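One structure is given below, encoded as structure tokens.
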Amino acid sequence: MRVARHSFYEATARKRIDGLLDAGSFREFCGPAARIVSPHLPALGMPVAFDDGVVVGEGTIDGRPVLVAAQEGGFMGGAVGEVHGAKITGLLERALDVKPDAAILLLDTGGVRLHEANAGLVAMGEIQRAALSARHAGVPVIVAIGGKNGCYGGMSIVARSCDWIVASEEGRLSISGPEVIETVEGIEEFDAQDRALVWRTMGAKHRRLIGEIDALVADDVEAFRTAILGFVGRPRPLDLDALEAEHEMLSRRLERFWDCADGRDVWARLGVNDPASVPALDAAGFNGLVDALSGGRP
Amino acid sequence: MLETAKTARVWDTLERSYRARIERGAAFADGKTVRRDEIVSFLEAVIEPGDRVCIEGNNQKHADFLASSLAKTSTDAIRDLHIVQSNIALPPHLDVFERGTARRLDFCYAGPQGLRMARLVGEGKIEVGAIHTYLELYSRYFCDLTPHVSFVAADAADADGNLYTGPNTEDTPAIVEATAFKSGVLIAQVNRLVDKVPRVDVPGDWVSFVVEAPKPHYIEPIFTRDPAVITEVQVLMAMMVIRGIYEKYGVTRLNHGIGFDTAAIELILPTYAQDLGLKGKICQYMSVNPCPTLIPAIESGFVESIHCAGSETRHGGLYGGALRRVLHRPRRHDALEPHLLSARRPLFRSLIGSTLQIDLEGNSSTATLSRITGFGGAPNFGSESRARRHGSEAWLKAGREQRLSGEMPRGRKLVVQIVETFGDGMSPTFVERLDAWELQKTFDMPLPPVMVYGDDLTHLVTEEGIANLLLCDTMEEREQAIRGVAGYTPVGMKRDREMVARLREKGAVQYADDLGVDKRFATRDLLAARSIKDLVAWSGGLYDPPSRFRNW
Amino acid sequence: MEHLEFDYDGTGEKPARALALAGVVGSGNLEVLIEAADLGGRCAAVVDTSVRGFGETWRQVLADFFARHGLSDVRVSINDGGATPAVVSLRLDQAAAEIKDAQA
Amino acid sequence: MSGAIERVLADLFGDGHGVVRDGGTLTGVARFDGRTVTVVGTADRAVIGADVALKLARAVLDAMRDEPGRPILVIVDNAGHRLSRRDELMANNGCIAHLTRCLDAARRRGHRVIGLVHDLAVSGGFMATGLSTDLCFALPGSEVRVMAPAAMARVTKIPLERLEELSAANPVLGPGVENFIRVGGLEGVWDGDLKARFREALSRPLDGADMRRSLGESRGGRTVAARIAAKVRAGASS
């Protein structure tokens, strides 16, 4: 049977890595045979996974050495626990030693794993620090988002601490899940069932339009590979000037859009002629729109 | 001499009652248009205690504003109603029982309210008349279950009460005509009041009152099955159905259920079946609910025509264009001829659908101990209609396999159940005895609630293989054929391995290898669409899915 | 959780590869890790499942699996989130196909 | 509870400090042992919205601009990040990430960044502040948590009693300063002489390495993280 595309959204963490790296180049660290599982889940009567829901290792992409971590969204929603977090942290710290052309994080996560909450939260702080250390050492850290869980909670902070973010249209990037907002603040604040609203608020297209992510691709492993490859070996500056520029960008965003009630209002103000049509655009059509808007990134 | 006869019977009771109700209701209306703010008082004025009331609640379209307004009426004014309603889907449908506004219920399907329904029956707050099939309930609207008052939902109305039902007609005509032709009060909630309706679907003469609802009527997207959650096991079963049934019998005219099992079949027609060279040979004409998973089969020209009863979204859903090639879509006027209803629905040759429990005779039920859901239209589709005769290959071949005694050739409708051996939470689908027996006792029903009777069933498909019951000559063979595909359930483990081997030799039990199905290809890659977004792409952007199914 | 261990006669060749992994632990799903192991020609299986009380079903599903694939000297380790036998068999078959494949 | 934040600031810096409170945010400078200290943070269980994060980030950037190496005290008192559609529309995560990057940059540029939890720190609010410091302490009576136990029971579908029982046995699960100390997320509790505590934190020799895992290991609260991270860093296959 012919398969037109290999969906990133549907692929497991291992399949994503297979599709991303050069064939046969991947070498996993602390793989499933090592059975490094969560020490906390059995006490809660929960099944463990042999890799604790994250695959880490090294390989090459187009011949260039990279480190890669892929969260398995199917296991506990890709949530970060003690072991899971330590594997990602260790991988990013390895970047200081081996200086690869990039460290790549394929994130698919709801954030902290509540079943080992305190360890998971502190682990995310450590991941973030390790990512920033890698960046300060000149290794670009590239994030890809396009799985079922999106990228939420503390990991959304981690993602925005990295150099580049590539996402598919299915991707979401936000700190709070819509269900959490609805539960706490009520359905008037956020109707989590209204998926179109969810994507207008947190989805990759909105994030691309306001400058939170750097590339939007179709839901295709090959498209992710191409986009990621474009950022390999390209660290972004992290000095005081870069922080000031980021501050200016974010401040201007809040000034311009703070009164907007909906993503469509933001897009209209950005100069999108027909905001209602944005969700239906395919990746190519959408990227054409982004290019047409002045400067691409607001 | 005629004195006694004269006082014996009054012949215009209904008419006088109708006039009195209209007069009382007129106080809350301008012409036929009820003032929305006064809807509760209005209902209290026109409905009388003990009335039979129909709240339109079809598969999808719901008169939700009127339903929730009824649940706000005073029980001093309205109580002990007898609700006659096809689909109990929304909380207010049961609120009226919880608070005593209504007491008796005749219905077909309770879906998501099944658990609460079972509780209220247990507490004595609901007296169930019967769980009907759609055909029986609507037929009885015209006999002894005619509503005194009916609530319907429509897209638009004019000041004269002419209704436009929009893309979603469903069962509205049946309700309207049964009510209006027997002096019942018909109240329509509409999304908008207009000067002139785009098309008159229900003439104003039959409509007593209209009210503009604050929100468009609720539409339950029960036919939308997200391809993203179809499993590899379902793909495997779909492959077996295509080879073992559709290809074998040359099934061209058929009905599908609305579950994920049949969605998987629909989604591998343009891939797997096409590669087998079956385009133009199977599944050309389908009578189905408007399932979006049919879009690839339609757009690729695999399916030639579709007959269906409603559409999913107010934008026309599937009809937004994905079905633009549909050659044949008659307006549903089954209701004009109620006696025809029972003939029209089971028009098609083959049914394939899912269930929750199957016993060793092949009887199946979707009613289990903790849940009363009813069956919708499945019993009508899932039965042999002995009056039918025609010369299709599928019908005749199945008839030959059945080998009835006597010389006269006789066909057989294919009725197929497709199930996984285990359901949610490792509950076995195959049981020695259906929960339906227990339910019959608990709820004091005249019959165990069986959806499809074993003797109407011709094939049973599981992930293990296909049991062809037509080829079973004895009840013992039938039992072993069923055990033979029941996998690792207790029922399956108790199979007589030798007998199952013999049945396999004569084709009454067939496993994937016997069917020429290569299990290694049973992956989601075979699905022509793997997400709702893929369906949108297939439709050329014309399919506008309900928001809750989007991930973009 | 329930922990189960089984032991079967081996009936075929040693696997071509050291290990293979199929599936993901999730609701109604499982992961199967299959590894070459020096078991004197026998096969072993270890199951950790979130659904208790299906030991006999596991024994039978695994017995059919080993019979179907003709394996020896392998250990199967399973973390199960409540998969049905159909899914279990599917994952086992996927893992077996991979560990037997000398090319991949 | 440890008393109002004003009293804490007065204890540390005397009455003449220049820390200004604006709604829920605190920014400004103070003098300590003859040097200037920048204070940023929140009070009264504020929620960290996009605007709050940017305001704090500005203060951190200013500290870096104004005086290389100036110490920064981060007052942590929040009920988490702000749950609102507007904040999500603006990408609160990006704004919080910016704040944490500024704190991180300050650390790396030689500013000693000290966190102090006063009253409460919740999940994303703790990550936005306390977890981005060199050393983070808590005042007695304050609390750090990921989620309130009742909500956690609901989400994990573990009965509350069972959850509380398990929390008592395992510091990774339940709320509390003591648990966060044990997993290495907090350095310790500041009681008694605040000035002395602050002075010690400012002068403690640090080499920039992330010590939280090894703290968690030695305190028995997070026993495997350090070892596994080290294995992965070494590229071990098993």
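Per-chain residue numbering starts at 1, and chain names A, B, C and D are given in the order in which the chains are listed.
Here is the rule we use: a residue touches a chain if its C-beta (ideal position, glycine included) is under 8 Å from a C-beta of that chain, and two chains touch if they have at least 3 such contacts.
Labels paired with UniProt names: A = Biotin-independent malonate decarboxylase subunit beta; C = Malonate decarboxylase acyl carrier protein; D = Biotin-independent malonate decarboxylase subunit gamma.
Quick caveat, the model's predicted, so the values are computed rather than measured.
**Q** Pick the chain whose C-alpha centre of mass, unweighted, sits closest to the average of all protein C-alpha coordinates shown.
**A** Of the chains present, the most centrally placed is A.
**Q** Which two chains meet at the most C-beta pairs?
**A** So the chains sharing the most C-beta contacts are A-D.
**Q** Please identify the chain with the largest separation between its CA centroid and the CA centroid of chain B.
**A** Result for the farthest chain: D.
**Q** Averaged over CA atoms, how far is the centre of chain B from the centre of chain D? Could you give it in whole Å?
**A** Roughly 57 Å, centre to centre.
**Q** If you average the CA atoms of chain A and of chain D, how many Å lie between those two points?
**A** Here the centre of chain D sits 24 Å away from the centre of chain A.
**Q** Taking each chain's centre as the mean position of its Cα atoms, how many Å separate chain A from chain C?
**A** 33
**Q** How many angstrom between the C-alpha centroids of chain D and chain C?
**A** The computed centroid separation for chain C versus chain D comes out at 46 Å.
**Q** Can you list every residue of chain A that touches 2 or more other chains, as numbers and ranges?
**A** Only 33 qualify.
**Q** Sort the chain contact graph into one of these: line, ring, star, complete or other.
**A** Its topology fits none of the listed shapes; call it other.
**Q** Just spell out which pairs of chains touch, all of them.
**A** A-B, A-C, A-D, B-C
**Q** Using the touch definition from the top, list the residues of chain A that touch chain C in their complex.
**A** Interface residues on the chain A side: 12, 14, 32-33, 35, 42, 45-50, 72, 74-76.
**Q** Along chain C, where are the residues that touch chain B in the complex?
**A** By the definition above, chain C touches chain B via 51, 54, 56-57, 60-61, 82, 84-87, 90, 93, 97.
**Q** Taking the touch rule as given, give the residues of chain A at its contact with chain B in the complex, in rising order.
**A** Counting only chain A, the residues touching chain B are 1-3, 7, 9-10, 169-170, 193-197, 199, 203, 205, 219, 279-280, 282.
**Q** Which residues of chain B touch chain A once you look at their complex with the stated criterion?
**A** Touching chain A from chain B are residues 228, 271-272, 275, 521, 524-526, 530-531, 533, 536-537, 541, 547-552.
**Q** In the complex formed with chain D, which residues of chain A make contact?
**A** 27-31, 33-34, 36, 39-40, 43-44, 56, 58, 82-83, 85-87, 89-91, 93-94, 97-98, 112, 114-126, 128-130, 132, 136, 153-154, 156-161, 173-176, 180-181, 184-185, 189-190, 201-202, 206-207, 210, 212, 238-240, 243-244, 246-247, 250-251, 253-254, 257-258, 260-263, 266
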